[in-house]
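Here the chain labels run A, B, C and D in written order, and each chain numbers its own residues starting at 1.
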């Protein structure tokens, strides 16, 4: 009994996410399936970004409608460091993400005293300010409205020149980041995050420095999302500032809520389902934005537990009929 | 161990706690009683750092702690339970206790993220200790249930276990018996004695006179924000002011 | 130059005020934040031009019809979406996201309905510019300043002098108490959303003739409106009016005397500064809880 | 375990929809298009797409590309560069198109064109910014105007009028900003002083503060370099704030913009452009253009409102001509043949022989007077300028 209490069952927890990601890699074995492969790559980087948002929102309960700003800092930071100083790409990705984490921490120090709606307003304002800095950058370092080019990913001279190769890099990133997330949320720090989400007053009373942990959650989340931004620019090779409008922040949040918060699998399922939705709406041409809005509204109103929350309910209902399952292992 | 000196708390024009000076003796159970609205919980909040007193001081083991943040007070060695249950409802019972252990765990952010060997050892030990605390309050069978699913009385016990997990020197219990049935109250009485055996001092607010009179070594009576009387339970029982306040107050 | 900037600032400020007022009313009545105000303004402009240009109705009639439509839209939004979500007891983020979804629907819907090209909103006046103290201004600009002032005054009287307004204020302050006094709380929040939509629609009709009408007309004004509301004190009606006007002036004077590069930055800098340093705003509205 | 299996199943199902096998390469010549059909600047994308469809129908009725029917594969970029890249990848790897026509927004072309170039696919962009043609992508061509080419022509108008000072108002997007910069350089070289330079960001609606600032510098003339739909409201606000002088525009002031600005406010806007828009088919007296306008009107029930329709038509016609010269539909052959194309386009001669991969290398300047675009030279010669001075009461 006692042994099973400790959450050391990482292997088991990672089965589902990895299985899904491997399945996602199926186009690897199909000749000429470059486009699905590219989508798989984009899904991977979105998984990293949305997992970061999940740490902040799903675990720590802090809302952000400005995550596009961190995504931008990652993409632009890595591109500028690589283009202007010739630093190796993997290094620039980490530097840019660290920079974003610092920015996130600095933002969080004053922002952590704001709650819900006003925190979301503050993050909206933060997102807009970062956008304004990108399009009116000092000395034109971000190339303003032109967007910025950068090299495709290469590590120690090995070029990830095709989506096929990049896919493996993305997979490695997802595994590393999800493992780190799993470690983090099932630890003292993660418990502090969840405690703050559940009841910040009680958390404070239990000796948790609430502000410090909110700052940590913001910084971690910013690191994840910024790293995803860096992955993005070295996948596509080009970014335009309009990629980092509030729409993008809303997209991250939509993906998270679609898949369900506070889990490893949620962000993956959310990213896949929203990406697929967007892809399948392409055929509607002029009507795609309109239909997307309506579907979004329907999902929010009809299934506030997320698309997969809805599935889960059905599943639990079925499973409940088959035989009562053992109680869940709490927030995981 | 804990001494408050003329602590006063005002909300706007209202004086909730007025010049209250109380002394808590180490290794004893001290009770704080008084009619509803007497300012007991406000006084607790003042000690635990939720409110900063407008004047007066709170001295714990020779250090001023008034105006410190709740988490700092906790680290100084005072932990508490709440009148309105304040558990982390969606976390399971064991995790609630683990959160209580938070200030005693040494691992940091990076060692948590990379799960270093020392962090691993510490976590393993922490889980075992947390389980011991659950056994202490007899909740070991519910270790993996969400805290919100427990019965009211068991939630109270979990709050106590969570507070004890931070190995405090002083524990503040805010109406621990509220909502408990008589059997649970008996168990609580026994539990309080065991807490004392651990070397933890207890300061508690409680309405159940039978429990209070039976277990407390000292009592302080608050009424309308003022300290009305203090002394041993038998002294208090015979104090005319207290009788007047209780009869007049309710 | 000063005078001209002052007038521009007042025009812009009037528009921000109308939007900020909507935010504050909604927050006061239901403790919620709507991200759809700017797009309701867009919708108002499209409806207005449909009545005025396409159907050829007189301006005042078009204005009334537009406001009525927007009011109905706001009510419907509250009853059909917001209320449904609140009854499910969801996290407030879902309400925010729902309003964002509706704003996508409006932005894309108007393009489908009216075409994606910028629509022409005919002048309300026959003269294309008038002189005020030797400065030529758009007559629409004067209308804009005047109309937003009238709206604010009317709203003030509505809220303080009518039975209905008093009931609404009561419902906002303490829904349970108001309910026990026989006030239909659900109706009154519905009306608040309707009123906010109506105000936004008026703003849309006022700026349509000056800016032209297109799908993203309101999106930036909508998000800057938040700044006005926060400056004044989120949830405070008078704060929203003053905050909106201050924002308009700040924006115009920064553009005029410093640089147009900072035109859009200023609103968000003000927003974040107030949130961090003076979250209760100029009118000390205690809506923003400290944690 | 069951849960895991079911999740995998969901993912597999998802992939099944994605990994639809690439369509068989058939007997048709496939042209992929990516335009912004929804989102900010979509009015332009839609007109351009319409014109491309029209042109393709025409080509198919007249023998196609060396006997092959042309088939369009159309995508929407939602006016976003990121989407443009995704769409480009899809067109190249999945639809395996033989050629591609790209967006009106130069930002999108800049992002997507390198993919086509790398894949060796014959590609035309429809944006007017100088930037993406500077990249030297051999497979990338343009059958629309290059804004940079219009600058010296338009700047010369200042000399013709004897103006000495100018204020510049520009947007921040690539096409607007870069063009304004070239203008500023050119003016400096000509000894014309730029007395004020103001800008606005996409999404802005109110320009009165910038206008006030420009007018307080009291310039002889104001140059506007903006993209998309901003022109209409901008000119309207300029006039309403009391500016009565001549406005120099970086490109033609289109019918959609005149509607918004109002006919009166749109008077005296001068520009250099290959073509202009018309209120009705009868207003046009160029036979080839008239024929196109009628064709568009018949097909879509409305007049062409922006010049993006012209760009779409011209593009397909140039590609068609190249296929005739090459006698083959192979990409490299088409690229080579394009360098020999000289045809009449909607805005005059499209001549690719100079090797810069641009069609329109020189064109006329116009001025908008009473809702009609008059050749600037004609207007000056016929005493239009004196009439303008008399009407507005402006000095000089």
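Heads up, the rule we're going with is that a residue touches a chain if its C-beta (ideal position, glycine included) is under 8 Å from a C-beta of that chain, and two chains touch if they have at least 3 such contacts.
Predicted model only: the values in this text are computed from it and were never measured.
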item	value
Minimum number of chain-to-chain contact steps, subunit B to subunit C	2
Geometric centre: closest chain by C-alpha means	A
From subunit B, the most remote chain by mean C-alpha position	D
For subunit A paired with subunit D, centre-to-centre distance based on mean C-alpha positions, whole Å	37
CA centroid of subunit A to CA centroid of subunit C, Å	33
Whole-Å gap separating subunit A and subunit B, where each centre is the average of the chain's CA atoms	40
For subunit B, residues that touch 2 or more chains besides their own	none
Shared-contact residues (touching 2 or more other chains) in subunit A	132, 136, 210, 286, 289
Junction residues of subunit C, two or more chains touched	108, 111, 261, 264
Touch relationships between chains, expressed as pairs	A-B, A-C, A-D, C-D
Residue numbers on subunit C that touch subunit D, as the complex places them	1, 4-5, 8-9, 11-12, 108, 111, 115-120, 123, 128-129, 135-138, 140-141, 207, 210-212, 214-217, 219-221, 251-253, 255-256, 260-261, 263-264
Parts of subunit B lying in touch with subunit A, wherever the complex brings them together	48, 50, 69-71, 74-75, 79-80, 82, 86-92, 94-95, 98-100, 102-103, 105, 107, 109, 112-115, 119, 123-124, 126-128, 131, 143-146, 162, 166
In the complex with subunit D, residue positions of subunit A that touch it	15-16, 19-20, 23-24, 26-27, 30, 32-36, 38-39, 42, 132, 135-136, 144-147, 236-240, 242-243, 265, 269, 272-273, 276, 279-280, 282, 285-286, 288-289, 315, 319
Of subunit D, residues touching subunit C in the complex	38, 40, 42-43, 46, 198-201, 203-206, 208-210, 212-213, 216, 229, 232-233, 236-237, 239-242, 256-257, 259-260, 262, 264-265, 305-306
Subunit B contact footprint on subunit A (complex, rising order)	2, 5-6, 180, 183-184, 187-192, 194-195, 198-199, 201-210, 216, 327-331
